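Shared between the two complexes below is chain A, which pairs with chain B and chain C, respectively.
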Partner chain A sequence: MIDWRLQCRAIYGRAYPRAIGALREPSWMFFDIFLPLLSISAFIFYYRALGAPAVYEGFVVIGGAMTAFWLSVMWGMATQFYWEKETGNLELYMMAPMSKMSILAGMALGGMFLTSVRAISTIVLGVIIFQVQMQLTSPLLLVFAFIITLIALYGMGMLFSSLYMFWGRGAWHLSNLMQEPIYLVSGFYFPVKQLGFYVAMAASIIPITLGLDSMRQILFGAGANGLLPVVEEIAILCVVAVVFIIAAWYSLRHMEYLGKKEGRLVLRSQ
Partner chain B sequence: MESNWTSPWLFLVYSVVKPIFGTLILVFMYLIILGGVQDQTLFSFMFIGNAFYMFVAQTMFGVAYVVQEDRERFKTLKQVYIAPISYFMYIVGRAISKLAITALAVVITLIFGVAFLNVGVDLGATDWLLFGVGLFVGLLCVVVIGVALAGITFLTARHSSGINEGIAGLFYLFCGVVYPMTVLPSWGQTIGMAIPFTYWLEMMRRALAPGTDFSAISGLGGYSNLEITALLLATTVVFLIISVAIFRYADHLARKKGKLDMNSTY
Partner chain C sequence: MSDAIEVKSVTRVFGGNGKGPAKALDDVSLSVKEGELFGLLGPNGAGKTTLIKILATLLLPSSGQVKVLGYDVEKEVDKIRPRINMVSGGDVGGYGLLTVRENLWMFSQFYGIPTKEANERIDHLLKLFALDDKSNAKVRTISTGQKQKMNVIRGFVTEPDVIYLDEPTLGLDVNASFAIRTYLRKWVKEQKGKTMLLTTHYMVEADELCDRVAIIDKGKILACDTPINLKRMLRRSSTFDVETTIFPEIESMGRLAGVEGFQVKQLGDKVVTRYVVEQESVIADVISAIQSKGGKLTSLSKTEPTLEDVFIHLVGRGLE
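For the complex of A and B:
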C-alpha cells in the first residue's frame, strides 16, 4: 500500500531546496534573468536589421524566456540523477523508503516554480524594454496552456532523468548538445509552422513546440501563424503529458533494476 | 582531454552540431523574413560574423569551465597546480585545443554557407595577409579573455557559467556579430567600438569576402584595412593587460583564501 503522506513529504523535501535556493543566493536571479535578456536583445536587433514585423520581436521575447524551461528540464531534471550519482546522493535516494517518482516530482515542482519566476521576470522586462504589443484574448486559456506545457515538459524531463541515470559523462554532453538543435526545430525564435507542417508536427514530440505555439497564438492572435488551433494543441499536450509521466515511471523502474543488476548505480566518474 | 569521454567520430559530430545549428537558427530567421538570400551583403555579413563568433562563444566558455571542471568534477586542480608547470600556460594550452576543435566547426559552417547559401567568401580573392594577421590577433584576444574568466572562476563557486555566458552575450550583442552595429542605439555602438571583436569580425569579413562591399552597412566603412588592424591591435593590447592582471590577482586571492581546492559538490 502506498504511503501517500511519505510521498508528499518526499516531494516537498525535494522541491524545497530548489524553491528556497533562489532566496539563499539571489545573485542567481540576476544571471538567470539578465542572461536570457542578452540573447533576446541580440535576436530582436537582428530582426530589426532584417526589417521584420514587430510581432516577431514578441515571438523572440516569449521564446527567449521559454529557453529557461528547456535548460531547466535538461540540466535540472534530465541530468540530475547523473549529478546525484556523482556526488553520492543517488544511493541515499535508493535506500530511502519513498518512491523515486516522488523525488522526480519534487524536482519537477521545484524546478517549475524557480524557472517560472525567472522566465516571467524576463518576459516582463523584455516586454517593457522592447515595448512588445500583445493582444491577450483569454488569460485563463494562456495560464492553462502554460501549465499543461510545463507538466508535459517536466514529464519528459522525468523520463530523460531515468535514462540519464544509467549513463556516464555522455549525459552531460548530450544535454549540452540538445540546446541549439531544439531551439531550431521547436521554433523558439520564429513560428514553428515556418519549418513546414510535417517537420513542425515531428518536432511536436517536444512539448515546448506546441506549448510555445499555443501561447503565441493566445498572445499575438492571427499574427502568430499557428500550427494547429489552440484547443487542439492543448489537447495534444494533455495526451503527451500523460504519456511521458507513465513512460517515466516504467523507465525509472527498469533503469533502477538494470543499475542494481549491473552495479552502475554507484559507479562514478565513468 | 576534451574528447576522452567518447569515440573520435562521435566527438567530431558533437563538436560541429551545436554551433552549426546555432547558425541555422539565424539562417531560418533570415529566410523567413526576407524569403531568400536577395540581399547577399547582409546575409554574408551575418554568416561570416556568426561563423567566427563561434571561437568566442565556444573557446571562452570552455577555457573558464576548465577550472571548475578540474576542481569540482575531476578534482585534479591541486595536482595540476603544484606540478612544475605554469598554470597560466596550462590554461592557454587547454584553450588552444578548444580553438582547434572550434576551427573545424567554423570551417564546416563556412563551406556549407558558400556551397548552399551563396555566402560571398571568395578564397581566390582573399586578402590572406589581412586574414592571417586578423585571425592571429583575434584568437589571441579570445584566449586572453578566456584566461581572465578562468581566473575569476577560481574565486566563484558555481557562477562561472553565468559569468562566461554573460560576457560572451555582451560581445554578441554589442560587437555587430550578426547585424550591423548601426542598428544599436548610439551608447551601444560606443560600447561595441571599445571591444576588439568588433574590429576582428570586420577584418574577417573584409579579408574573406573582398568582393562584397560591407562599408554601407557595417558602421565601420569609414576605416581603412590598416586602421581597422591598428584598432584591433590597440584594443587587444588593452584587453591583454587587463586579462593578465585579472588572472594574476585572482590566482593570488584564490591561494590566499584557500579557494583552489574548494568543493561545492555542485
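For the complex of A and C:
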C-alpha cells in the first residue's frame, strides 16, 4: 500500500532545494532573465525589419519565456540524476523508502516553481519593453493550458531522467543535441503550422509544441494561426501528460533494477 | 539474539572495464547479530564497499543470498529501506546552497519524519557533534570535517535499526574523527538492538570500536572474530619493529625463512620495518640479513600484536 504521507513529504523535501535554494543565487537574474531578453530582442527586431505583423512579436515573447521551461526540463530534470549520481545523492535517494517517482515529482514541482518565476519575469519585461498587445479571451483556459503543458513537459522530463540515470554521460550529450532543434520544430519563435501540418503534428510529441500553440491562440486569437483548435490541443496534452508520467514510472522501476544488476547506480563517471 | 545481517555465499562480478569480468566479492559468507558493532577491515579494492552497497539495496549480488533484518535484499527492499541508512566517507550528499539544517531536514523527509520531530532530532544531534553553531551555515561554506559530521548526522537522524558506515572518518583530522568515533560507540551502547556495520582501513578504529571484525582482501573473508581472538591468533608468533638505515632489496626481507608478515614504512632517511615471525629466534637471522645487505640497525623493539599485525599475518602485507 502506498504511504501517501511519506510520498508528500518526500516531494516537498526534494522540491525545497529547487524552489528555495536556487533563489539564493542572484546570478540567475542575469542568466535567466537578461540573456533570454537579448534573444527575444533579436527576433523582434528581425520581424520588425521584415515588416511582419505585430502579433509575431507576442509569439516571440511567449516562446522566449517558454525556452526557460525547455532548458529546465533538459538540464534540471533529464540530466539531474546523472549529476546526483556524481555527487553521491542518487545512492541516498535510491536507498530511502519513498517512491523514486516522488523524487522526480519533487524535482519537477521545484523546477516548475523556479522556472515560472523566471519565465513570468521575462514575459512582463518583454511585454513592457516591446509594447506587446494581447487579446486575452479566457484567462482560466490560459491558466489550464499553461498548467497542463507544464505537467506534460515535466512528465517527459521525468521519463528522460530515468533513462539518463542508466545511460549517464552519453545521454547528457543527447540533451545538448536536443536543445536548438526543438526550438525550431516546436515553433518557439513562429507559429508551428508554418512547418506544415504533418511536421508540426510529429513535433507535438514534445508537449511544448501544442502548449505554445494553444497559449498563443488564447492570447492572440485568430492571428495566432493555430495548428488545431485549442480544446483539441489541450485534450492531446492531457493524454500526453498521462502517457509520459506512466512511462516514467515504468522506466524508473526498470532502470533501477538494471542499475542494481549492472552496478550503474554505484559506479561513477560513466 | 537473531541475525540482523546474513550473507551466504555471495559473489559479485563487475564488467571489468574491458579487462574481463572482475570479481569484487568471491563466495563471501558472514552474519552480524542484532545490536552488534561489526567491522569490515580491508585495503582499498578489497570488496568492503561492494558488500555495503549490496546490504544497502543498491546493488544485486551476482549469486548467493543476502538478508537484512530477515528480509531478502532482492525481493523485499520495501521492508528493508525504511529501517536502514548508510554513511560514506568522502561523499557528503545534499546541496551546497542549502544550510546544514535544511539538508538534514530534506533527507529526513525522504523517510517521512514529521518536520517537528525531525527538527528536534536534528537539534539534538547537531549539539552532540558540536555543529549547532553551523546549523544555519550554507554547506558549501563549512569545512570538510564539518561536512562529514553533517553526513554522519544524516545517517542517524532517521534512527535506523541497521546503519552502514563506509569509511566514516576517511580524510578527517584527529578531532573530527574522535567526535565521530565517540558518538558511534555511544550509539551502539545506548540504543539496544541497533546494529552497525563499519568498514574502515584504520586498524585502531576497528580495534577500538568493533565487537567483531572480518578481515577481507581481494573479495574473500580471511578471518572473522572478536579483535581479542584475532590477536590471539598471533600468540605463537612475535612482532618486532626494526628501525634501520635504508638498504637495497629491502622487500626481499619478507621472504626470509620464518617471517610470516612484513610491512615497511620509510621515515625520512630511516626505515621502520615490522616483522611478524614464527619464533623470536628468527629475528636474529633478520638482523644478520640486514647487516649483510649494508643496513645499519638503529633500534629494535618487540611489540604486542595489533589488528594490523593480524592483517599482515593473514594477507602477507600491510594496508598501506
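Keep this in mind: the second predicted complex is superposed on the first by the 267 of 270 C-alpha atoms of A that agree within 3 Å, B and C clash if a C-alpha of one lies under 4 Å from a C-alpha of the other, contacts with A are read in each partner's own complex, and residues count from 1 in each chain.
We adopt the following convention: a residue touches a chain if its C-beta (ideal position, glycine included) is under 8 Å from a C-beta of that chain, and two chains touch if they have at least 3 such contacts.
Computed from a predicted structure; not experimentally measured.
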item	value
Touched partner set for A:R48, first chain B, second chain C, both or neither	first
First, second, both or neither for A:L35, with chain B first and chain C second	first
Partner chain in contact with A:T87 - chain B first, chain C second, else both or neither	both
Which of chain B and chain C A:S27 touches, first, second, both or neither	first
First, second, both or neither for A:G170, with chain B first and chain C second	first
Chain B versus chain C as contact partner of A:M95, first or second or both or neither	second
Partner chain in contact with A:F197 - chain B first, chain C second, else both or neither	neither
Set intersection of chain A contacts, chain C complex versus chain B complex	87
Complex interface listing, chain B residues touching chain A	5-6, 14, 17-19, 21-22, 24-26, 28-30, 32-34, 42, 46, 73-74, 159, 162-163, 165-166, 169-170, 172-173, 177-180, 183-184, 265
List of chain C residues in touch with chain A within their complex	14-15, 53, 56-60, 78, 81-82, 84-86, 88, 91-95, 97-98, 102, 105-114, 138, 154
Touching residues on chain A, where the partner in the complex is chain C	3, 5-6, 9-10, 12-14, 16-17, 20-22, 24-25, 87-89, 91-98, 103, 260-263, 265-267
Sites on chain A touched by chain B in the complex	27-28, 31-32, 34-35, 38-39, 41-43, 45-52, 56, 86-87, 168-170, 173, 176-177, 179-181, 183-184, 188-190, 194-195, 269
